[in-house]
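Some structures to go through are shown next.
The following pair of complexes shares a single chain, subunit A, combined with subunit B in the former and subunit C in the latter.
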Partner chain A sequence: MTKIWRRPETTTALLVLLTFIGGDIYSPKFPNVAYLLDNTTLSIETGLAALGMTFVIISGEIDLSVGSTLGLTACLFAKLLNGGIPWPIAGIATVATGCMLGWVNGVLVARLKLPSFVVTLGTFAAYRGAAQALMNAESIRIPPSLAGVDVLHLPGTAIPDELVFLIVMAIICGVVLGRTVFGRWVYATGSGIQSAIYAGVPVARVKALVFVLSGFMASLGGMLMDSRLSMAEYSHGLGLEIDAITAVVLGGTSIFGGEGTIVGTMLALLMLVFLRSAMGIANVSAEYQLAAIGSLLILSIIARNYVRRLSLSRERRMLSQAKPAQES
Partner chain B sequence: MNRPAILVLSAAFVLVACNRGGSSDTGPTAQGSTKPTGLKVVYIPKSTGISYFDEIDKGFKQAQAELGYDYAEVAPAKADPTSQIPDIKDQIQQGVDVLAISANDKDALVPVLDQAKAKGITVITVDADITGNESHRDVAVLQTDAKTIGQSQIELLGSLIGYKGDFAILSAQSNAPNQNAWIAAMNDTLKDPKYAGMHLVATVYGDDEAQKSTSECEGLLSRYPNLRGIISPTSVGLAAAAQVVETRGVYPGGPHAVGGGLQLTGLSTPNQLKSFVTKGEVTKFQLWLPSNMGYLAGYLGSLIHSGKLKPAPGATFTTPKVKPDPIGPNNVVYGGPLITFDKSNIDQYSF
Partner chain C sequence: MLVLVFSAVKDPSFLRETNVQSILQWVPLMVVMGLGQMMVIITRGIDVSVGSLAGLTAILVGLVTRSHTDMSAPVALALGAITGLILGSFNGLLIAFAEVPPIIATLATMIGYRGLAFIASRAKQIDSNQIPQSLIDLSQRGPFRIGGLLCPWILVLAIVIVGLGAFFLKSTRPGRDVFAVGSNPPAALLRGVSVKRTQFMVFALSGLLSGIVGVFYMSRYGFVNPGSAGVGLELMVIAAAVIGGTNVAGGTGTVLGLIAGCLLLATINVSLAVLGISENYQQLVYGVTILIGVVLDGFVKQNAARLRAT
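Here is the complex of A and B:
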């Protein structure tokens, strides 16, 4: 059992349960499956960005530009559609742009060895500025046939298609991170760059690729946000990087890199959906909602460290008693 | 190793969900109303912490005192279109009857407002409409119409600067429908030969954030040293600009005033500008009574939801405190004329 307690996602899973029970006690209208499923559609874009962010943070870096990348690609997608370009082509161009924007971050970080915090702080402003220049501070509508992706459901159920899409992407990301050589390289890069280099990990390529992945995810989020809101404007995804980083860190990924999982990130996202819904339905004002999420982030880190120390000391105690472990 | 834990947790979820599924819907209790009617009204302003929307909220409470509905105000943290959507969804789930909202975007809210209407909720836009999508709400309660506002604001600034000189506009969000309608009306008014000497040199956007409004205003002063006037038709922008004008000392009679000085005017609640008017840094500015809008929306909500009023152009209704015009084209009701505030009358108002 010790191993389970030591896994960072376990704390997150417990917090999911706690927020669910809390929401349940708070308002009788909260535990409604259709409502909660519907509310997940508000967090799909954040979830996609958080998937990319998980790779970036595990590799020991950070990407502050995802919200801006999402905004810029969302605007580009809408512009292309309004220019009469068929949506599959517009979509491919948008995703390619997203990857390219991520690649710019990656190259600056990996090849020029600049700190990602500074690089992406720069592109955070630059990409948002580019979006504003592209849109001329106007909002534009997207064709009605492409609007409203959030109201599509699996036939006969209340499960939104968008949620299924996020889960599929999460499974792919989880497999890549946990079961492939690339995934191991990401962990190795974040655990210690020198030892990774000695072990033959192509560190620069890994770093460039995680940023490309982050840009890719952001561009998917951008298109989904366009469809959900039926319009594009330069402020799409404003502040989204903070929500994505919150989900990743709440999910047990170490901000110093080297550890973390996709399962943890997705659990944390679910918890944030629960928490926000519960407080929203109880008319908790926006300031308190932010304060609650912030406190929870800090509490979860404290709790996680505590639980870890506890299980580690228990293990040590058992070892020092020189008894063979009888764990199941 | 992790799988059993996940399984146990999922099982716990299902148990809790089932347990709750059977319990009855008790809903929130009436909030200090004298005559509970069971009607639930909610108002969603553009964002939290803007005193202007507190006035609208007061209007809803005045109507609540007379009508006895359940009332709550729920405000998003940021004034952007995405921030209001979760609030609307939560209110639908809560089972409100009347949803009043100051829309942050004319298009983005349409799908979720449709969701509300499909549940039988009466949807009213207050102060900021979903222009071009009017069929997706039942009725709108708006300030004085854009044309009157545009004319009044240009005339006010004109009278302050002798109808001569360069001026700029400091607005809120670039996509705020009401701001854009007023700015368009101001531009129309400027075509009048009476205002031929006045030149609009720039329109900038402070996003209804104090900090952004401040830096936009500072940018204006640096770029146009001979600026004679600024119109900021938003409380946040005008207060921020007044602070800048005070700091720079460019107000009429200020230490760094160029020529006759810079005349700052616009639309704001009187409280936010009181100190600047008293000190003489702002001479005159205007506003309608925002509480009238909340008050009328409260009445419209309960009349429409109970089926006593069918919202259609020409339909009439009346209230004890405000005598509104009949419902106009596109189901718009106006909240009243502009009041001009200056040193002589500003102390009579306390919002």
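Here is the complex of A and C:
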């Protein structure tokens, strides 16, 4: 077992603490637990997308289309509901569509062996465009009975139901990734595709499946966002992919694939929630907030690259010291 | 490909002068930016920051011309090119030397540059009276007319730039290195090509060209809004490059294909407006165009692999 201080998640946990203390200094409202818990409901959709994204990035790919998938499925869900279809059926249809949209990405990447950043950039535009074409720049209201999922709390506590849902999903994802054969396959695919093929991993199927999972998570997020805002618009989830990728990378997942955990992603998400809340309270404008998230994304990758280079050179030094000893 | 463009242009409803005129004023922006994007894609990279970069450059140049409304057009263009070069070099540094994957680095600078445009302009737009007349003339006047159609100066400039770009890619050493790096990075390294330097160069060049496009944008539209200037241009030029035959897996791409791709997209763009199809479909069109280009690449590659196998 790796020592705890050498795990990438530890850095993330420290960062979470740091942002918490930083936010504490900046604003008097910050340590208010109920306020922070309520603020997490703004990031549930990002969290779900980040769970799927963790699988995708560990398998060595990237999914830029999650925000657009979320937008398209959210619009579809609202359209179906307004067409008089009962919500369980509409929900199943929406989730199925989300899986299918993800599957399209997966097939293009896995079967045609195309770079995922171009494929998902294409679907990023196409799915958003389809949502726009579907809605004609209008917004649709959600039936009142389904609106406002974000204000539901566990009875007698300040814990939002949505947060519980996210945590349950995270635990399921964590178990699948860490304790099942499929999870091992995802790591194997990401750490070296050739060796994975030689080891008998069905690489193409694994890649297709991680994209399906990403689409599935995005469609869940789409329905939750509809309910939270009590309406659907084509712009739902615009720019969400950047927050999701930031959460994954900040949580210690290697952008080059093969390494990463769900725990790390969730910790990083918590940090983003703190950061956004603190910036919100401090009246930081949206442009600065975006710039801050962007810088965070870049810095976390640069820092990891640097650490990796350090450990590589240390290994090399140890090897070069070990060799003469073997010869003599 | 060319047939598609041709038939679209030949369709009588497109032959109205205003439509062709607006294509002529739009294409220069796309080809110049597309040239940079194509070089980046040939090296297996991608640059999604170009739209924001052009917007930020337009804002920065606009802030200068606001107090110097008598500035001549060449000076403004040079200013834009230098600004773009600096911003593009920053992308290049992140990608080549800090080893951040291109998509992540340029995604971050895409939102970063957009944010800077807001911050630098204090969220105020550059109005037409703050842009020098000589600059506006760049897109509204030209050296000659063909049958009532004006060939604007920006088109002339774009042709010169693209010609230089084609020469650079075909006949100079750094130009050939771009292809070498894209088709097989380890082999390029063994052959003595500096992969990092080439990567840095293409992103710097993409920035420089996008900076010029930022100034073209000022000239074409006569105002610069920090929120909308250049938004979505990245998708448009990526679509144009990919449908024009640039291989997304790196290694191949031609200037002629790029021009054809730009003409196709510009024609589609204008025809959508003519046919009364709302702007709501534009993004769908870019997305589907990228996907078609990508899928064609994929099939070609698979066939090639099968041929090699037999």
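Methods note: the second predicted complex is superposed on the first by the 290 of 328 C-alpha atoms of A that agree within 3 Å, B and C clash if a C-alpha of one lies under 4 Å from a C-alpha of the other, contacts with A are read in each partner's own complex, and residues count from 1 in each chain.
To be clear about the criterion, contacts are C-beta pairs under 8 Å (C-beta built on N, C-alpha and C of every residue); 3 or more make two chains touch, one makes a residue touch a chain.
Everything numeric in this text was worked out from a predicted model, so none of it was measured.
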If you stack the two complexes on chain A, which partner ends up touching A:I92: first (subunit B), second (subunit C), both, or neither? neither
On the A-aligned overlay, A:A137 touches which partner chain: subunit B = first, subunit C = second, or both, or neither? both
Now for A:I172: first (subunit B), second (subunit C), both, or neither, which partner does it touch? neither
A:L154 contacts which: subunit B (first), subunit C (second), both, neither? neither
Is A:E287 touching the first partner subunit B, the second partner subunit C, both, or neither of them? both
Quick one: is A:Y35 in contact with subunit B, with subunit C, with both, or with neither? Answer first, second, both or neither. first
Determine, under the contact definition given at the top, whether A:A199 touches first (subunit B), second (subunit C), both, or neither. neither
With both complexes overlaid on chain A, does A:L312 touch subunit B (first), subunit C (second), both or neither? neither
Quick check on the output: what are the common subunit A residues between the subunit B footprint and the subunit C footprint? 137, 239, 285, 287, 290
Would you pull the subunit B residues touching subunit A in the complex into a rising list? 1-2, 4-6, 9, 12-13, 16-17, 20-21, 23-26, 47-49, 72, 74-78, 80-83, 85-87, 89-90, 93-95, 105, 107-108, 110-111, 174-175, 205
Given the complex, residues on subunit C that touch subunit A span 44, 46, 48, 94, 98-105, 107-112, 114-116, 118-119, 123, 235, 238-239, 242, 248-249, 278, 280-288, 290-291, 294-295, 297-299, 301-302
Over in the complex, which subunit A residues touch subunit B? Could you list them? 3-4, 7, 9-10, 13-14, 16-17, 20-21, 24, 27-33, 35, 38-39, 42, 137-139, 141, 147-148, 150-151, 225, 228-231, 233, 235-236, 238-239, 263, 276-277, 280-281, 283, 285-287, 289-290
Report the residues of subunit A in contact with subunit C in the complex, numbered from low to high. 62, 64, 108, 112-115, 117-119, 121-130, 132-133, 135-137, 239, 242, 245, 249, 255-256, 285, 287-288, 290-291, 293-295, 297-298, 301-302, 305
